Amino acid sequence: MPEIPSRFTLTRILIAVIAIAIYWWSFAGTGLNPVEIYNGMPGLWDLLRHMFPPDTDILLSLWTPFIETLQIGILASLIGSVIAVPVGFLAASNMSPKFVYHPVRLVLNVFRGVSEIIWALLFVVAVGLGPMPGVLALIIFCVGVMGKLIAEAVEAVDPGPLEAMRATGASGWKVFVYGAWPQVLPTYLTICLYYWDHNTRQATILGFVGAGGLGYTLLFAISTYEFEKATTAIILLILLITAIDRFCLFLRKKII
Amino acid sequence: MDKASALSERATNTQTPMIHVSGLTKVYGKDIQAISDISLTIHKGEFTVLFGPSGVGKSTLLRCLNYLVEPTSGVVAIDGQTLGDASTKELLSIRSHVGMIFQEFNLVNRMSVIGNVMCGHLHGLVAWRALTYSFTREDQELAIRCLRRAGLHDEGLYFRRADTLSGGQKQRTAIARMLMQEPKVLLADEPIASLDVKMQHTIMELVSDLAKKDDITVVMSLHHLELAKQYASRIIGLAGGRVAFDGLPEELTDDVINRVFELVDGQVVGEADEE
Amino acid sequence: MRNDARALSGIELALYMRRKTLRDWALVAAICVAVGLWSAWGTNFNLLALIEGLPHIYNLGGRMLPPDLEIIQNLGGPMIETLQMALLGTTIPIFFAIPLALFCATNTRRSHTLGNILRILLNSLRTVPELLWAMLLVSAVGLGPFPGTLALILHTTGGMGKFFYELVEGVDPGVIEAMEATGAGRFKVFWFGIIPTILPNLMSVALLYWDYNNRAATILGLVGAGGIGLTLTHAIQDFQYREAVTCLIGIVLILTVIDRISAAVRSRVI
C-alpha cells in the first residue's frame, strides 16, 4: 500500500501562519471588525432609508448628463483606439528598435499607472470643468492600456510570416500592416469593445472630479444629501452600462 | 434451445428483475422523439448490449436508467425501486449503486488519478470531509485496490493529474471509479469508441471479467458488431428510437442485421433505408 | 519555403480582407466617424481650449516640482492601509462569489428565478463604480478605510460573481454527468467536479481583481475612504502640490510593484 502524501507539509503550515498574520493585521488596519460594523449599522440603515424611494421628478433633467456620459465614453474610445494602434506598434519589441521601444513602454506605463482620475484632475485644472477634461483623461489612459495590450498581441504573433517579409526587404510599418496586423485584428476589436464599456463606466466616475456627465450630477446630489436623486441617477447609470454591455456582447458575436 | 425457453430459463433464476423499463419515452423540446415506448426487463448478471448507429437513442436510454435524463413518460425501476417515485435522497442512493462509464471518460482533469477514483464514494462522504476534500483512510485503500483491479499497477501513476494519462489508462481509471461504488449495475455509454483497436479488446475483456466476478448487471451501448456479439449475453438493437431486435447474440444473423441496419467495416453507421 | 507559404497567407489574408470586406469596414468607419463627431459636439471637444490650457498645466507643473521628499516617512502608514484595503477587498468577496456562482450558473442552479434575481443583483454591484459606493458609505459611516474596504468588497463581489458563474457554466457537462451518476448531491458535484476544474481560472480572476483593487484603493481616498488617496486629497486641498506629487509617485511605485508581483504569481501558479 503506497504512502499517500500528507497534506500538512511544513511549507504549507508556514504559509498558512503567515497568511493568517497578514489577514489579522489587515483586518486591524482597515477597521473591519464586528464592533465597527455594528457601530456603522445605524448609519447604513439611515442611508438606505433616504435613498428609497428614488426621486422620479428629476428624470428629465438627468437626460443631458446621461447623454453626455455616453458621448464621453464614445469619443474617448474612438480617439484612444485609433491612437493606440501606431503606439502599440512602436511598443512592440519585435517591431521597433530598442531605443524606441523602451521609452514608449515607459510612457505607456505612466499613462496607465496614474489613474484616470488624476489625469482628469490635471485636465480640469488646465481646461476647466465640463466633459472635455474627462475625454482627454480617458484618451490618455486608453492609449496607455490599449497600447500595451496591442504591443503584447503584436509580440505574440507568429514570427514566420514576419521573417519572410523582412527578408524581402519590406520596411518596418509594412511588416506590421501585412504581417502582424491581420493576426492582431480580432484581439484588437475585442479590446476596443471592452474599453468602450470601461470608458463609459469611467466617464461617470470622472464626473466626481468635475469632468462632466452623470458623475457630476451624482457628486452634487450626494454632497447636498439629496439621496433620492442619487438613487435615480444610479439606476440610470446601471441601465446605461448594462445596455452597453449587451450591445458589446452582440457586436462581439457578430464580428468574431 | 429456442429463444423463448432461453430467456424464460434466465427469468426463473432471479425473482425481481434488476432493471425494469416500461413504456419509456423521451421527447426533447416539442417534437424531437429520442426514444419511444421502450419496454425491457433485464435480469441480474446479464450483459446487455444496446446496439445501433449514433443518434438512435442509446445514450438517452442509458441516461434514463439512472435518471440523469428524466423521461417524458414511462417507468424505470432498478432492483425493484421505481426511480420516478423516489425522493431526491432516495434517487441519489439508487445512483450510488449504479456505476457509469463514458466514451469521453469524463474524469476531472486537474484532479489526481486516485482523487478521481475516490469520487466514486462521494455519496457516502460526510459533509465536513467533503468540504475539506479529505477522504477516509479506508476510502484511500479501497481506491488503490480498485485501481489495481482495473489494471493500473504503477503506483507512480496514482498521484499524477488525470489528464496526463493515455486513453486506455483514463478508461481504466473511470472503471476503477465505478468499482469504488461496488455497484449492482453498470451503465456504459460507448466506452470503447475513443480507444484504439487493441485497447478496445482489452477494455471489453476487463469489463466482462469484472462484471462476472462482482456479479454486476451490465448495460452497454456499442456500435461495433463483433465485440457486441463476442461479449454480450443479450443484444437489443435500436432503430428509430424503438426496439428493433431483442435476443441472443447468435440470433443476430447477417440478414437480420442487414434488414435493419447499414454496416460499414463491421460497425453500424445507420439504419437500412425503407423501401 | 515553409515560411514563404505562411508569409503569403498573411498577405493574402490582408488583401482578401481588403477586397471582400472593404465595404463593410468602410461602413463601420463611417458610423464611427459620425458618432464621434456627434460626441465631440456634445462634449464641447475643442482642441483649441486644450492648447490654450497648456500654460495652466505648465504653471501647475512648476508648483508641483520638485517633489517634497520630506514627507516620505509619513507615507508608509497610508500606503500600507491601501494595500490592506485591496487585500481584504479581493479575498473576502471570494467567499461570497463562489456560492453565488453555484446559485446563478445555469447548469448548477435549482431555481431559475432566484438565479436570475441574483444575476441582476451582481450586475448592479459591479456596475456601480467603487468610488460611488465609497462616497455613499462615507456619508453613512464616516471617513477612513472601513467604508473604502466595504466599497471594494461590494464592487468586487459583483464582478467576481459574474466571472465565476460564467466559468461554472463553461465546465464540460460530461464531467458533471459522471459525478452525478455516482450519486453525489448538488454541492458535492460542484465541489469535486466543478471547482477543481476551474480553479486556475478562479485564481486568475482573483489576481486580476487584486491588481485592479490596489489601483482602486488608492483612488478611494479621494472621497475620504482611507489609504494614500486620502493623503493625496489632503495635500491637494491644502495646496501642497509638491507633497501631492510625492504621493503620486508613491502610488505609481506601489502599482508597478504590484503589477510585477501579480505577473510573477500568475506565471508560476497558473
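By letter and in written order, the chains are A, B and C; residue numbering begins at 1 in each of them.
Note that a residue touches a chain if its C-beta (ideal position, glycine included) is under 8 Å from a C-beta of that chain, and two chains touch if they have at least 3 such contacts.
Since this is a predicted model, take the numbers as computed values, not measurements.
A count of contacting C-beta pairs for B-C and for A-C identifies A-C as the more extensively joined pair. Averaging C-alpha coordinates per chain and comparing to chain A, the farthest chain turns out to be B. Taking the mean of each chain's C-alpha atoms, the chain closest to the overall C-alpha centroid is C. One finds 51 Å separating the Cα centroids of chain A and chain B. Rounded to whole angstrom units, the spacing between the C-alpha centres of chain B and chain C is 47.
Separating the CA-averaged centres of chain A and chain C is a span of 6 Å.
Looking at the complex, you find that chain B touches chain C at residues 63, 66, 68, 88, 92-100, 102, 104, 106-111, 119-123, 125, 130-131, 133, 174, 177, 181, 187. Interface of chain A with chain C (complex): residues 22-23, 25-27, 29-32, 36, 39-40, 43-44, 46-47, 51, 67-68, 70-72, 74-75, 78-79, 109-110, 113-115, 117-118, 121-123, 125-128, 130-132, 134-136, 158, 160-161, 163-165, 177-179, 181-183, 201-202, 204-205, 208-209, 212, 218-219, 222, 225, 230, 234, 237-238, 241-242. Those residues of chain C that touch chain A in the shared complex are 2-4, 6-7, 9-11, 13-14, 17, 32, 35-36, 38-40, 42-46, 49-50, 52-54, 56-57, 60, 80-81, 84-85, 87-88, 91, 123-124, 127-129, 131-132, 135-137, 139-142, 144-146, 148-150, 215, 218-219, 222-223, 226, 236, 248, 251-252, 255-256.
Chain C contributes residues 172, 174-175, 177-185, 187-188, 191-193, 196-197, 199-200 to its touches with chain B in the complex.
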